[in-house]
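In this document, chain identifiers A, B, C, D and E correspond to the written order of the chains, with residue numbering beginning at 1 in each.
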Amino acid sequence: MYSIIILTVLGIIGMLGDMLPLKRLFLPVTLLGFALAWLGYFFEFPMHTSLFSFDLISMCFGGVMLVITGISVITVYGYGSFKHGSEPPYTVLALMIFATAGGLLMVAWSHLMMLFLAIEILSIPLYVLVGSQGDRKASQEASLKYFLLGAVASCIFLFGMALYYAGTGSFLLGAVHPHSLVGSAGVLLMIAGVCFKAGVVPFHSWVPDVYEGAPTVITGWMAALVKVAAFGALTKMVGSLSYSVWGLEVMGMAVLTMTLGNVLAVQQGSLKRLLAYSGIAHAGYMLLVFLPVTETSITTVFFYGASYALGTLGVFTVIHILEQSGLSATVDALRGLFKRNKTVTLLWCLSVLSLAGIPPLPGFFAKLLVLMHVVKAHHSGLLWVTFLNFLVGVYYYFRLILYPFTGGLSEESVVLSVWQKVGVVILLILTWGAVLFPEFLLSVF
Amino acid sequence: MTYLETIPSEWYLILSAIVFCIGLCGVLIRRNAMSVLMCIEMMLNAVMLLLVAFSGYYRDFSAQIAVFFIMIVAAAEVAVGLVIFSMMFKKTSSIDLDDWGHLKG
Amino acid sequence: MVTLFLVLSLLTVLSALCVVFTRNLIYSVLSLIVCFFAIAGHYVLLKASFLAVIQVIVYAGAIMVLFLFMLMLMNLNKKAEASKPFSLKVVAVGVCLLVLVALVSIVFLSAPRVCFAPLAPVSGSVSALGPLLFNEYAIPFELTSILFLSAVAGVVMIGSYGKKAKKQ
Amino acid sequence: MMLFGMIATLAFPLIGFFLITLLGRVLPRPVGGWLACVSVAGAFISAGTVLLTCESSATIGLFNWFEVGNVSAHFSILVDSLSLWMSVMITGVGGLIHVYALGYMKDDVRLNSFFAYFNLFVFFMLVLVLSDSFLGMFIGWEGVGLCSYLLIGFWYETHAYAIAAKKAFVMNRIGDLGFLFAILMMLFFWGTTQFSVVFIQGLGLGAGVLTAMTMGLLIGAVGKSAQIPLFTWLPDAMAGPTPVSALIHAATMVTAGVYLIARSHVLFSGAPLTSLMVVGLGVATAVFGALVALVQRDIKKVLAYSTMSQLGYMVSAAGFGAYSAALFHMTTHAFFKALLFLAAGNVIHGLHGEQDIFKMGGLRKKLPFTFVVFLIGTLAIVGCPPFSGFFSKDAILAEAFAYSRTVFVVLCVVSVMSSFYMFRLLFLTFFGNARYGEKHPHEGALVMQIPLAILAVLATVGGCLDWPQESILTPVLGVTLVVLALSGGVAYFIFGKQVDVLAKQPVSMGYRMLWNKFYVDEVYQRIIVGPFLSLSRGLNQYFEIFLGKLDVVSLRSVRWVGYPFKKMQDGNSGTYILVMTVGILCLLVGLFL
Amino acid sequence: MILLGVILFPFLSAIVSFFLHSEKGSKAWALLSVFIEGFLVFFSAYLYSQAGYLSVEIPWIQTLGIHLHFGVRGFELWMMILSAVVPAMAVVSSSSKRANPGSYYGLLLGMQGALMGLFACANLFLFYIFWELSILPSFFLLMGWGGLRKEKTAVTYVVYSLAGSFALLAGLLYVFMSGGQVSVYGQMGVFILFFIAVAIKIPLWPFHSWQPDTYEQTDHATTMMVAGVLSKMGLLGILKVMLLFAPLGAVFSSDKVIGLAIVSILYGSSLALVQGHFKRVIAYSSLAHMGLMAASLFSGTSEGIQGSIFQMGSHALNVVGLIWIGHIIYERTGTLKLAELGGIRSRSPFLSAVFLVVILGSIGFPLTNGFVGETLMLFGLYSVHPLFAILAGLSLVLGAWYMMRLFQAVMLGKGNSNLPEFNLTWSERIGLGVIMVSIVGMGIFPQPFLDFVTPSSFKESDSSCTQ
């Protein structure tokens, strides 16, 4: 619990930022706080109580989330339009920290109610952050949709929890085998609730509109954090449930998610919507790993989540750098980027290639792990669908890489603020690190 | 014969299912954001009812604590929801969901 | 006892239907309050008197008042609320009915709980809930503080967005 | 001694080629040419000495080329009477033509490159003749093809000449493909193409395989010696300068086919069907060449077709086993055909490039020396007794007579026709009224006349080089004399006198058929080349675009599949929640399955 | 350890080259690193001729069982020499005035590194990783410095290449999952998957539609790399992967594959006749040559295979020579359309002489490197079935036809008057001279190269593919 406590303290400091005299110190303090929070895991490692269980999964997923938020905090800190009178956007950072605390909790629960609380702690700040750009109608509409759909999804989750409680009489998953149908129905509804957060097909409708509406600074961080947290929660939840209950439905959802994500991504013009649909497709690939759950599937989900998060952060950082220099987030904004700023193009190409799954970038190993898992599970039909989806994915990813090299509209070079440069450099280092030492992330479990 | 023996647990399950579905139906049918929010509240209450009923049956108070937390979350949600609706109203003086459908495709 | 249960559940269902299908918003808010009271009644029946009181105070009192306040603010009470095209309504109702049927069939198909272990009858819930809340569930209780903190920060941030922009 | 001699013969032209190309710019103009003549002369001398001094045949191994698995190939020189005699002939006639070219090409700007190609040609011809394996011969074979390409297309500015060169090269390549196929069979059966190995084990093979192999060799010979199917390049090859036509398209390269058949006579004797084919092709070409030559107007084209028909003679002779007669005729033909071409060169040189014999006439007085030399050449080719042509042609006729009556009769008719068109050529150019307008022809320089004189002597004396053992003088002599007189008279009667030749052009169907070479070129163009090109253009047009469309089509199908889902995302949160509810419904229903 | 040096050095020099911006500096750096790489490769060739087998193994990812395992046999080293020589030619020939040269040379060196890795790798995963890695630099080079229609070409190129590599990945996963020895039925499936990947990369007939556009749109150095070495990756794929992991598959379908290869030979030769652009002629001609090489690889005879490996080297040399000459012409006349060219022979006899020698090399004229390869390959095909040899032989005739048509269209004729003066710089003269001499040299003394290509180790893999 130390990490949650540290994050809360940081959040409160953030909220009181205006009054406290720490104008320049806030960012380093936050980063230090994140580091301490991750260290916090080691002190009470592995703590299993009736309510929480901080074990290896929560430490790793938590670590990834802290890294994601760390980088996003840096880029947010450097983001121009938030600079009302050049003091940092304290409230936004505070909310981001609270959401991360929610994310950490989502992978460290054992009592179902705690999972619900974690989902809500993660979601409430996100509803607000999505709607934070009051002047843009799209931002308000995005937060409306996210709020409504989020509320309905948490109701569904709760109803599932209640049914599970009715069926088994306890809030701990896997404590007793849910013979009764009511218990299984509860499990299904709970999985549906979490899948909403992950952006799996029947519950994916919010993803494109929210990604497009939300301010780009938030979208990247939100996409990465929510997906990692959701799949962390799913691994914990699915790990302790019998496959027969949810096997068929999840496979159906996985296939639908992959195909729909890729098929719709091909037709998108706006950059953020395209990346939203590709996010959905990646959720589909990650879901494949749970059919059936084997010892490698946790490693695969973890590595896939980490590489996806890295890729998405990189991509959205580039988009918001482009938006900052006055370009609309459409595919044409990328034209001529190669001439305007090399490092940004390098980051863009590496991130998109990692999402496309081209060796030697981390995305490739993630894809490889998923494919090995599917081949080991002998779903040959599923294998062919996955390959077709990868091919369609390659098509629109390479279209994205195409544009920076085509003729540019505006010639003036893209300027970055100091902190944004720091963010870009950290992302590059992490990507190359994952290329050279995938071992570090893979051998954890 | 305590009250609980007389009422079989299925009845409560059915009652809460009915109220849940009515809430869900309200969410789908109403065009006004406020009434959608109200229906969501109703769905939450259905769940709370179910939890309280079964906490009685299982003689286990942890469910009531869960209900307690649900209320807290519901309150926070309503607060955030109403702020979002108020800002929408300030912008376009209408919180009709069909008017707020511009992000599409 | 059984008749009381039936009356209360009938009241709940009717008020719920009323919330969904009335034209005027005010009527639906009022019927929702009635529904909350009915559910509070249920709690009393189930010997969860503390929750009943909480329900009445938090829901009926605070949240519904907030709703009414917001309605008055947005003067939504005058014009009748526009309704969705009829075909969409039918589909929505149909789907909900199907979900209900599925749930009910699940309830009946699942193995019936033979009977519940006749533990000692539980007396007043406040004295039982209190220690539980502050011993085992102390940490989650604190966590809810994060929830409220972020809710408050969020509301302030969104609410005051317009003013700060005007101040520049 | 023999080793040094043979290597010298090969080395001289190669050194000449490298010297001229490398030092080309440095040397003053004529030196390059003289260097070429010296090198060929050197080769001639060394070949001649080796021919005279040593009798025994031997093979000199130079170095092994490649050795992969059980396939191996080695460069080595075979020294026997046939190859020596061929190399002496090549270097001798080649040398004379080099000297002639000095004068003929004097004012050309790229003189050095011309002589470089000439030397390279002689080198490749020697490699062809001297190598001891079919693979070595193949190197010479294609090398000669390349040099003929370079030399035909020497004046490459004019588009037509370049096209003619390309046509010659591609046609030769078709022949080379057949030859290569035969080589592959040899490699497959024996792993090497050494003559010694091939000829010893050759007969061991089955008749079918041997026929296929000899068929391959035949196609090679046909391609190179311009026999029936692959001959259309020879008339176009006249686009090159006259010395080129003399050396390549009269004396040496075209005889390579005959040399090939003569060299591999063991294989051909083992495949009766192919030898029949050879005779048939030879005779057919002889007839065809003679017929078309009757009506040609261009002096070089007439000589080209006569070469083709003489080659037909030689090939048919080789076909029915008269290898020595064929080779003897090849030698004498080299002498008088080179003589005729060089004399024609003189005429063209004198009339500043005019090649149409209808625009010549009465050159007897203006170019006396060329007239005498041309007359000797004509008498030799016609087969008038004292000259060499008579002995070699009649040797073939005698063998033909022994082989089969019909072949003999046809060959006689061909010799009659050949004498007719040669006399027609003679009278049209040198007799009759001068139709060349106000050009004033003049004799070539001394350096052009000496080789002519030498060749004239060789043409007359050449006959006795080879011994007509059995005296064929008696009946055949009489017959040929009568035939000659007859055809000479008729030719003189038609073309000799001062008559306006143009008006007398017969317009009959037969004439037009002959004039357009039986439309063979047009037939090839319309049946083989044209449709092939249009097929590939069609493929290029439609199939490539169809393939290119593949990914666009797949993309559109993906879009079409995705369209309903795109419509589902219509921005209204009510629909979104409806989708979620349906999702939950499916999940719950899934529970029952 | 030198193998690791050979593979990693290009990547390091690529990274350094990305930071250089001055034209002179980046070209100098590229030249230096290419020659060092050449030296390293020749040194490892020397070591190989001593030791007989070079190999190095370093663990990389234990969990997936992927080790950096590099092992080299004769023909792989031959390909590594190739992929040292071709980039050297590419760098020497590229004129320094181009947009941001640093990253240009960096990408070239990166591609060279990927190729070295591919040729030297000894385990399947590495093979796949380097196989995909080599697509990226060519894609970026096409995008950065390509012609007018580069976007469409780039998309087609990438979709085709990656579809191929997915097929390879599928086959590879299947082999990996079934633990190395694949069931008979499985081998057919694996063979088909590998064949699709290889057929797209070589390319063979139905999968070739990316090739002409890519050759036409990429700038000359990339075309050299793609035509010279990348296409050989496909052939190497056959030797290294298919014949070892799916020998039974190779047995059953070798006739079908040879048939397809011959179709691509005839298709390539006939279409090369009607192309209007210099580089498209080269594209279709190399489609034909690669088809012949692929067919002879499947012929199963040791001569055929050795001939095709030797021909890989000579074809690379010829293609590089052709493209270099094309580049020289393009730099001076600004166009490569055959209709607008002509009369260059009178302006630069040296260039036309080299062009003629290179053409002779590529159509298999005796005494040039093409002939040795062609004869051995045709022999290989003949021993499978004489008809195949005849059909493949047709490519010789068609080859002569379209190459002479190219020579005539570019060099002969009067040419338009405003043709600029054609004085070649010293580096071009030397480079072209080296190419000319080596073409004729390889033709006359092929034995040292042929011996190089048949080490004993090749024998036992040879036995596996001759069944």
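One rule holds in what follows: a contact is a pair of C-beta atoms (placed from the backbone, for glycine too) under 8 Å apart; a residue touches a chain by one contact, two chains touch by 3 or more.
Predicted, not measured: the structure shown is a model, and the values here were computed from it.
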| item | value |
| --- | --- |
| Minimal step count in the chain contact network, subunit A to subunit E | 1 |
| Number of steps on the shortest touching-chain route linking subunit A and subunit B | 1 |
| Chain closest to the middle [Cα centroid of all protein chains] | E |
| Pair exhibiting more inter-chain C-beta contacts, B-C or C-D | B-C |
| Chain separated most widely from subunit C, comparing mean CA positions | D |
| Greatest separation from subunit A - chain, by CA centre | D |
| Distance from the mean Cα position of subunit D to that of subunit C, given in whole angstrom | 104 |
| Euclidean distance of C-alpha centroids - subunit D vs subunit E, Å | 37 |
| Geometric centre distance via CA averages, subunit C-subunit A, whole Å | 31 |
| Gap in Å, rounded to a whole number, between the CA centres of subunit D and subunit A | 78 |
| Set of subunit D residues in contact with two or more other chains | 566, 569, 571, 573-574, 577-578, 581-582, 584, 588, 591 |
| For subunit E, residues that touch 2 or more chains besides their own | 155, 159 |
| Subunit B residues counted as touching two or more neighbouring chains | 9, 13, 20, 23-24, 27-28, 31, 37, 58, 62, 65, 69, 73, 76, 80, 83-85, 87, 97-98, 100-105 |
| Full enumeration of touching chain pairs | A-B, A-C, A-D, A-E, B-C, B-D, C-D, D-E |
| Contacting residues of subunit B [partner subunit A, same complex] | 9, 13, 16, 20, 23-24, 27, 33, 36-37, 40, 43-44, 46-47, 50-51, 54, 58, 60, 62-63, 65-66, 69-70, 73, 76-77, 80-81, 83-85, 87-88, 91-92, 97, 100-105 |
| List of subunit D residues in touch with subunit C within their complex | 574, 578, 581-582, 584-585, 588-589, 591-592 |
| Footprint of subunit A on subunit E - complex, ascending | 60-64, 103, 128-129, 132-133, 135-136, 139-140, 143-144, 150-151, 154-155, 158-159, 162-163, 166, 169-170, 173-174, 176-177 |
| Sites on subunit B touched by subunit C in the complex | 2-7, 9-11, 13-15, 17-26, 28-32, 34-35, 37-39, 41-42, 45, 48-49, 52-53, 55-59, 61-62, 64-65, 67-69, 71-76, 78-80, 82-87, 89-90, 95-96, 98 |
| Contacting residues of subunit A [partner subunit E, same complex] | 299, 338, 342, 349, 353, 358-360, 364-365, 368-369, 371-372, 375-376, 383, 387, 390-391, 394-395, 398-399, 401-402, 405-406, 438-439, 442-443 |
